[in-house]
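Each of the next two complexes has chain A plus one more chain, namely chain B in the first and chain C in the second.
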Partner chain A sequence: MTLTSPRTRRFDLTRLPLVKPLLRSRWPQFLVTVIALSGFLFAIITGLAGTPVGSRNFGIVFVWIAWWALLMLIAVPLLGRGWCSICPIPVPGEWLQRGAVLKPNGRGWGLARRWPRRLRNIWLQNASFALVALFSAVVLTQPAATGIVLAAFLFIAVGASLIFERRAFCRYLCPVGGFIGLYSQIAPIEVRVKDISICAAHTEKTCYIGDAEGYGCPWQSFPGGLAKNTYCGACMECLRTCPHDNIAINLRPFGDDLIKPIGRRLDEAFKAFIMLGSAVAYSAVMLGTWGDLKSAAYAVGSGEWFAYAIAFLAFIFGVLPGAFLLAIVAGQRLSGSTAKTKSTFIHMAYALVPLGLAAWIAFSLSFVFTNLSYLWPALSDPLGRGWNLLGAAHAQWTPYLTQAMPMLQAIVLLGGLLWSSATARRIAGERLSARAAMRQSLPVAGFCLIVTAGLLGLLIG
Partner chain B sequence: MATRTIARQRTGWIIFALLGLAIAFGPIPTSTAAPADRLIRIEAGSFDYAPAEIDVNPGDRVTLELVSTDVVHGLYLDGYELNATADPGRPARLTFVADKPGTFRFRCSVTCGALHPFMIGKLRVGENDLLWRAIGLAALAAVAGVWWVRS
Partner chain C sequence: MNAERLARFIVIALAIGLPFIAVIGSPDAQAIEIHGSVSETGGWAPADLTATAGRPIRLRLTSDDVMHGFAVGQSDAPAVDVKPGEVTELTLTFDQPGKYVFYCTRWCGLNHWRMRGTIQVEGQATAASDEPPLYVKLGLDIDAAHPAGVLPALRPSAARGAKLGVTIPAEFSSLDDYRPRSPVETWGAFRGASFTRGLSDQDVWDLVAVDWRSHTTPEAMQVGARLYAENCAACHGESGAGDGVMAAAIENQSHLDHAAKPVADFSDPVSMLGAKPAALQGKIVRGGMGTNMPYWGPIFTEAQTWALVDYLFAFQFEMEDEP
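Now for the complex of A and B:
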């Protein structure tokens, strides 16, 4: 596979009437982003100053139920980094950095330093996600903690924009952006160039440098070199700056990025373990029946919490990758592969992406639909002042889809497992014969089966 | 050669499909225990239930007695869609016939503190067929996924 291979089974959405003008125009994106920013700031305010009752607090309910549902059940699986294109967190810093809200307009503020070379990976995002995950029992239930975390994201994003060039926060720090990038490889949509030879001949590279029409790629990616969605923020700047109309927004088969044998890295491989392991841990802590485990996850700073934190970190950074390594070594023995174990480990870890996303969807289905009815009173009385704006302030809590939920979760997990097993075989087949690829991938499929069985036990057992 | 490969693949898919149907819908031995009256006392406090997991037989007439040990707690039983609320010192009772087999979550229905959304227990009515069938299908899916792709 090379970057110039024909892009089969794709449909360029910009060929449809209105799509390109709508995406090139800054106004639709600006309006949606401003609405999201207003909601985000309001969530911070209500988190810090609203009712301390989590299930009644707008910040908690809006962020961890409504936004999370939209993100994990719709945006990530279908739109990849679609959320990143309207995310409010980096926006204030970006406006300051650019000195403009819409089109380029003079000079902005900031030092515009380059991000340190040694940190040009997603290890910091892996660490930031794990850090937030350690405190999640508190962050998800205490409005003040949610307010503080959201405000911290905002301040760090502004600081990063004023010190470093472009969207350093999104690319290297954001704990949410890290896993969206990983799972965006599954989405049936991509931003790519139509003809790489046009990019090669275009010496100005306005898509990367910027021009009067738009900014150079905020994600520091050269569109002509894009082979995966992981580091494309779908911000549409390249659509605005390309003078040759060479940018396409393609519909494509699901999971297309996963079977490209390029750009696979250890930091991304570990992101797959962190996310899969966190889905297992969250299912046990939040949806399990073990009160002591919940209390330990909540009692930040206590001995129980430290034990929980060590166990959580050991599971996502040690046990899961360690067991996967055993599966890789077993596969190498069975297949007779002479490839380096580390390289095989990295490549094959991408097979975990579909199962990881399925695990998060299965977890989120239960979490979201059980708690969604808290949204109506929170919207009716967002500040906890006794208002009844929508007439639903006294709506009773009602869990939704309780009858269908176990079946839905089982179907999602089985689909993820099937997809992961097939992806493992495909990845193994990149470097091995058919028979050897099957033998290399069978232990990985076995690993996925064990994780799936564990998740089934936690979610529907 | 190509025709033989296609025929083999088709046979493989038919075998996987038949196995899948057998696992999904095949008969599973069920409990033959005679229905009985069951009174189960559940203590609710500090974001968990004790006992947190309850087993009954299909057809049992079940009475759950909810006893709160600290603040007001509720018990909402998924699948059966039943709800009870207990004040401290004032137990509440739910009586129903366990006529739906499977595993059902019960959860606190009254905001009782920070971890309220995660206060969860389980009621198992007979065998959890869905779990065992799903695990069987998972084993089949793991093999089918590897088999499916032709390098």
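Now for the complex of A and C:
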């Protein structure tokens, strides 16, 4: 094993044979992206024109079961923003913006405006996720709604590419990209420079500006300054444009970004609450036994739905952060910390990232494996026309792993609880003594324990 | 071809061509695709089909919401299930021209019975047209109330009546007498006749039950029981008491401009013992105008309708000895 940077416990995958040529070449990434785009467009078409029966509709099953399983159970925990590197949503707009499908090839279209300074944060992503989440009971079950939402994503992404420079949609608008960025801090892989001094001496900054071999960072990040995965789209453009072979694709310990005391922000902190709260709410609405709650979430536009929407927003933006704030204040009293409460609140909120991801994995395990068998008939007859392409058009619904599921979910959630508690202690320890850090983090651990208990109750009963 | 052109070709071929080919490719352009959904969201679509007598038509049935069933009225063809998102293929051939009704055979919702469509079959008729139903020929007002003025002390029993050893004279027991006459009218006719002299009023009611049993068969009762369970019990209830799972909801429907009549209670002797079999058949065939009673004329054969009428009286009469 070769250690490639001053950071410890890292292994640069580009040192392996074939890895760098495969990643530098545009063709593998291009082909996977085009296949994903084909599936995405097909999902829109089947959503709008296929069978309106959600459990048999390719769009619903492909996106909300197959893709969701791939994303939450594999891609995000293990590859961070790996999905973003092949995501089909921004590529049509990006191709138009660049005027090319592969390498830089002349002049593209678009106004190339800079994204407004005041919006250079993820508050819009927080809002867009909450907006989609409010309609999720309908979007996840009604093929036409799924088709419209996916088409809207595509339309907005193309529009953003034609108005603004680079991947403004991915960086500032995409509701999925927001939480992938948050949880990518956990992933055991990162794109980083090997030697920052080389970047400092490289005046052309082709990784940010672009050159004949590739484009300047689409995510508007300077690779030399990357400390976290949050805003690195793993697109590999910097690997192609760096003339000094200074880009590494590192394997690293899980959760390494969480314990770096830099770059912590309130918008990202709130993303942690939004995601944790949404996991709780989704578990209650979609897997719970409360018919009235389910009906309210489904009856978009009704008085019941407005009540549900207000309760949902109040929970993720008010109740959960408010309870966490109480835990922070209690921790400050216990530890005698004199740090500003807001600053402590922001820093400590990053401790919720492991529990949040664990909550989504636990929810997704149940959701996905309960419904995965819908995939086979949907693939066999994607348009609901009586086809039987894979011989599974009449396969019956069969939930998988029903016996093992409660145990799996409990292990994941308890793992998330322990990890979050340990992370809280480490974050507190950045500014406090070991004893004070323990006291500062105890109420946060209690907060995590209550949330975990709630999730265990909702998911396992 | 340079790399950029090749990439663009792949984009067009895969991202646009594949979905396009998948969408335009239809497995059977000759078949009629019929989508089923609960009546509240449209029922069958299309609901009006045409065919030619003697020529098969191919149907591709699919449900857009819940499980439905498909059958053609007054036909021997068995019903088929129409599952959500799946396609059921069916070929129909009509021997005779006419207007046929197809309908849902699964209790799919409150207005399940409204989920019907028609198939207009053109061609040369080779069989005689149907006669009007008996209630029309008799000129019965089937909407009029028909309370029985006299009631039995016990539930009339054909088994007890048979044990009396009394033979009902032929002039009192023909089918032509039975169907236009309510049980209470039959009881009155029997009571005034000499063959019931010396019998109690209850004995005469038991003979009325014997008369009912003599005009049906175990096979007809089985058919009636099946039809009742499949088509009537949801509103009228398993016991006939008008307390089926849909009864309350159907009475509260707001599409009528007046208060809906309660669902008929076949366990009520006042109403049932005053009901003429021909009037009950008329209700089934025509439906209850102004009530929520569906019309079954285009769906049940005449034999099925009479079998159902026979079964309805089983809510009043005992056929066999009670165990």
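Quick note on the criterion: the second predicted complex is superposed on the first by the 456 of 461 C-alpha atoms of A that agree within 3 Å, B and C clash if a C-alpha of one lies under 4 Å from a C-alpha of the other, contacts with A are read in each partner's own complex, and residues count from 1 in each chain.
In the analysis below, a residue touches a chain if its C-beta (ideal position, glycine included) is under 8 Å from a C-beta of that chain, and two chains touch if they have at least 3 such contacts.
This structure is a prediction, so every number in the text was calculated from the model and none was measured.
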item	value
Touched partner set for A:Met405, first chain B, second chain C, both or neither	first
Chain B versus chain C as contact partner of A:Ser302, first or second or both or neither	neither
Partner chain in contact with A:Ser25 - chain B first, chain C second, else both or neither	neither
Chain B versus chain C as contact partner of A:Leu37, first or second or both or neither	second
Partner touching more residues of chain A, whether chain B or chain C	B
Touched partner set for A:Ser197, first chain B, second chain C, both or neither	neither
Partner chain in contact with A:Ser343 - chain B first, chain C second, else both or neither	neither
First (chain B), second (chain C), both or neither touched by A:His394	second
Contacts of A:Arg56 with chain B and chain C, given as first, second, both or neither	both
Doubly contacted chain A residues - partners chain C and chain B	53, 55-56
Interface residues, chain A side, partner chain B - complex	53-56, 137-138, 141-142, 285-292, 294-295, 298, 370-371, 397, 399, 402-403, 405-407, 410, 413-414, 417-426, 428-429, 432-434, 437-438, 441-442, 445-446, 448-449, 452-453, 456-457, 460-461
List of chain B residues in touch with chain A within their complex	46-50, 52-53, 76, 78-79, 81, 102-103, 105, 107, 109, 111, 114-122, 128, 130-131, 134-135, 137-139, 141-151
Residue numbers on chain C that touch chain A, as the complex places them	3-4, 7-8, 10-11, 14-16, 18-19, 22-23, 26-28, 60, 62-65, 84-87, 89
Chain A to chain C touching residues, read off their complex	30-31, 34-35, 37-38, 41-42, 45, 49, 51-53, 55-57, 95, 100-103, 105, 377, 381-387, 393-394
